[in-house]
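Two complexes follow with chain A in common, the first pairing it with chain B and the second with chain C.
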Partner chain A sequence: MKTGRITNLAMIVMGIILLILPFVYESRSLIILLTQIFIFAIFAMSYDILLGYTGIVSFGHAMFFGFGAYATGIFLQRAEPTMGVLLLALLVGVLISLVVSIIIGFLTLRLKSHFYAMLTLGLASLFLVLAEKWRTLTFGNDGFTFKIPELLRDRVHFYLLCLILMLGTFFLLKRFTNSPMGRVLQAIRENEQRVASLGFNPLYYKVIATVVAGVTATIAGSLYVMSLRFVNTSVFAIDVTLDALLMTIIGGVGTLVGPIIGAGIIEFAHEWLTSLASSYPIFERWIIFFGILYILVVIFFPKGIVGTLQSRFTKVKKVEVHRDEKDENIAG
Partner chain B sequence: MTTILNVEQIETYIGQYHILQGVSFEVPKGEVTVLLGRNGAGKTTTLRSIMGLNPPSKGKIVFQNKEIQGMPTYKIAGLGIGYVPEDQGIFGELTVEENIRVAMKDNSDATMERITKVLELFPDLKKFWKKEGGHLSGGQKQMLSIARAYINENDLLLIDEPSKGLAPIVVERVMESLQDLKKSTTIVLVEQNFHMASSIGDRFYIIDDGKTVYSGEMHELNENQDLKKKYLGIA
Partner chain C sequence: MELVINLIINGLATGMLIFLLAAGLTLIFGLMSVLNFSHGGFFAWGAYMGIWLFTTTGNYLLAILGAMAVGLLLGAFTERVIIKPVYGNHIRQILITLGLMLVLQEMLKVVWGPNQLPARAPEFLSGSWVIGDIVIIKYRAFIILVGFLVFFLVHFMLKKTKIGLVVRAGVMNKEMVQALGININRVFMFVFMLGSAMAALSGVLLAPYSGVIYAEMGLEFAILAFIVVVIGGMGSFPGSLFAAILVGLSGAFMTYYVPDLSLAVNMLLMVIVLSIRPEGLFKVKG
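Presenting the complex of A and B:
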């Protein structure tokens, strides 16, 4: 509880600093980079609901990202790029995610985790193929550009929107995971049979987790393509899911704040390694360095950065409690 | 005497192994029925079969006049059967409070009263209210597990080896809590500790090689040294 309050306070302070930042430090590239971090933080937090809080491994989470991306792209390209159309696009994307996640959830969440992971991978690939083949609507892998509403064309406005949505998502998901339903999800992650023995239907709760994660990922997908003003089939690719998976693992699963930190580290590392490539050709193969980074994190921070810090903090507390118990026993 | 649970000739496989080969017993309402037997006799599998965790392939399980074999576990639990598994079944990454709250079926006054009572019964749980379940001692975990089953008004409690691995002084406290539970609910108890089983139990069934082989009133077993030696290895 105390740790939770510290996290909330840190998020509020960070939010205020980031809110002021564009008005005191003008840097277009930093604003763009931070905007990308906010968007991927939302996406990674959505993945954390699945992996970190419910123990569901999905290799197809990109499909929900893709629904948001295509709904936004298609609506804004075919209709006037107004805020109303954007909201309608978002609503359609969310509805598609809602329906697909419920259907997939009820049909597949009975499967054991590795079968579920493979099945979601297959389904995401199916939507990737569909997007490639339905060229009249999606223009296939070539994709298409579109305009975004006037208000959001200003990079600072868009930055502020993404920041507010990231903070909103964090506090909403935090509330969700601390609710009775969130506790059941965490219990499912630990042992599904025990949860069933308490009278809860694990399938029902897992479907709810999939829906919440899917809808959140849809919002991230929508923001992502708005930042590029372009969409193509890459939004359905496995790389997108793997990015979310790695951001969550590096930051710390089941912490919500971990995926935000993970998104920050990966996006910054990506930017930095890419910029080094102009001076040192070896950094053109930046993916190799990413691989090394992942291996190092898994070795030295097996629970992710936030998870490992929390464990160390708990260990210190545990030693103190045991010392107190020992003193009490001696006294008694 | 009303029978709350009737298990009739159940047979259960775990993988290719035929673990239960004909277990039958009746549980009278308001009593403590003890399942006894050597290690590997099939006592835990019997409880798991009742809960639907290892569903039986043959036989009938009737709970309050309703056949429950083949029903999903959550529905069986929803009918009013609480289960305290052998490994205590607590959620190690949740705090004591969260472990209790996750089990609460409602926020009624009755449930709140039961929580207050359970904290009086197990003051350690109050002391470590915000501590993660995984960091509790074996005895505290057992107390938490029993507390969690107690907070809902279950008609039947299945308790699997509550004294396993506990220090004698902790076993005494667990026994006291079970004596208290006995006043308000029907219990099926699997227990290796004969002292605990005989002091709490009203009747017993002996399971051997996956079959019920003997049953009777608890006092009969206390007096029958041959039976104790033959099936329980107690001289």
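Presenting the complex of A and C:
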């Protein structure tokens, strides 16, 4: 519990610093970069609910991102760009994600890890095809631009909204993962048969994890297209899922701070490597470095940055824990 | 009538290419329970290497052999360096092979540039035969021939040779094979290299068929191969041939009759098969 309190405190301090930042230090590019980080942190956290907490590998997480993105884009373009319409769009996006994730969950979560990964990959590409073919609504691959509500046009306002939503998502998901429900999910990750034999229905809990992850990803997708004021089929692409995967793995699976740190590292590295590309052409292929990093992390730091630090930290503390356990045993 | 025959030939040719890719995947999965997401990378490397050799030397046989050699080398490297540390952990396997896929794909762009490259068939395979109303493009017939040849060769190897026996036994129960004193690790490596070489062969055969090669073709075709593996039943070699032809034919007919659905049809096929028979059409008995 102590480490939990420390991370909470660290998050609050970081949140306050980031809240004040735009008023103290005015840099348009930094604000935009941080906004991107917040949005992808939300997305990566939602992915971690699946990968890190429940042990499900989904390759179709981009589909929920895309629902949020297209719902927002279509509503804001067709109707007036007001806050009311935006909220309605979000609601519709969340509803679609809710329905789709429940259906997909019941259909596919019985399958073993490989089959599930591939089936979600397939389903996401179905939606990609749908978005490409339904041109009257989506304008296909060309996409379309739209206006966003007056209030959010200011970069600083939008930055604050994303920051608050990220912090909100963090604390809500933390609450969720520490709840009895979240504990069952983690138990499923460790040993599914055992959970079933204890009388919990794993399918039901997995569906709930998918729904929570899907709905959170929808919000991230909506924010993402609002930051671009443009949406096209790339929001459904596998790259989006891969980004979330990479952020989660590098930051640390099974922790919520990990994906946030991962999002920060990836977005900063992306920015930095693209800026290097102008002087060294090899950096145009910055994905190579990500790929290599990715392989190295999976082999050497399977727990990611946060996970590795955490296990160091708990190793030192282990002696104390043992003593506590003994006391409990005696008491029991 | 000639339309239907042409569509069947197209579908068979595509199916054979997918089969070559999927056969390796299914054997690797059946034997080592590794789902290799970098398989498409071997495929794309085979295509680039083959086309590069073909344009520089003009020798088509050399191009095919070169592509397969690249497949063998990449396969050996991948099995030893990338997959060995993560045997037994499915999630890490999926993640690490996906990382390798990204590296392979981007390396192609580093070596040969990010643009599409043209690819043409060799002189003796371009053109077509005309029989009555039916036009048979030579290169497509060649692909179908090579596909069946590889199928029978590997099938013969699996059924009639000692190594094939070990592989089949390993698919059913690898602990037992190991207990009988066979070094299963060497079998793993052999199957992995075989599968990678088949993927590279598929790539070099595809290149003149589609006319252009590009780095992302690996992942695109790998997805088709995954669908085939799932439909055919993971670990089933004849199943992958059947499913590949099914996917190839349905793709060819759908592209002609309902082009809007052509991309979705394979996914639908997979969803239907998985909901009815979660183990695929040809289940490997264990």
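In this section, the second predicted complex is superposed on the first by the 313 of 332 C-alpha atoms of A that agree within 3 Å, B and C clash if a C-alpha of one lies under 4 Å from a C-alpha of the other, contacts with A are read in each partner's own complex, and residues count from 1 in each chain.
Basically, a contact is a pair of C-beta atoms (placed from the backbone, for glycine too) under 8 Å apart; a residue touches a chain by one contact, two chains touch by 3 or more.
Please read all numbers here as calculations on a predicted model, not as lab measurements.
By the touch criterion defined above, A:V184 lies against chain B but remains apart from chain C after alignment on the C-alpha atoms of chain A.
Counting the residues of chain A touched by each of chain B and chain C gives the higher count for C. Once chain A of one complex is fitted onto chain A of the other, the partner contacts of A:T136 are absent, as it touches neither chain B nor chain C. In the superposition on chain A, A:S29 makes contact with neither chain B nor chain C.
In the superposition on chain A, no contact is made by A:S278 with either chain B or chain C. On the side of chain C, the complex with chain A involves touching residues 29, 35, 82, 85-86, 90-92, 94-96, 98-103, 105-107, 109-110, 219, 223, 226-227, 230, 234, 260, 263-264, 266-268, 270-271, 274-275, 278. Of all residues in chain A, those touching chain C in their complex are 51, 55, 57, 107-108, 110-111, 113-115, 117-119, 121-123, 125-126, 129-130, 133, 238, 242, 245, 249, 282, 285, 287-288, 290-292, 294-295, 298-299, 302.
Residues 1, 180, 183-184, 186-187, 189-191, 193-202, 254, 314, 318, 321 of chain A touch chain B in their complex. Put simply, chain B touches chain A in their complex at residues 51-53, 72-74, 77-78, 83, 85, 89, 91-94, 98, 101-105, 128, 130-132, 135, 148, 152.
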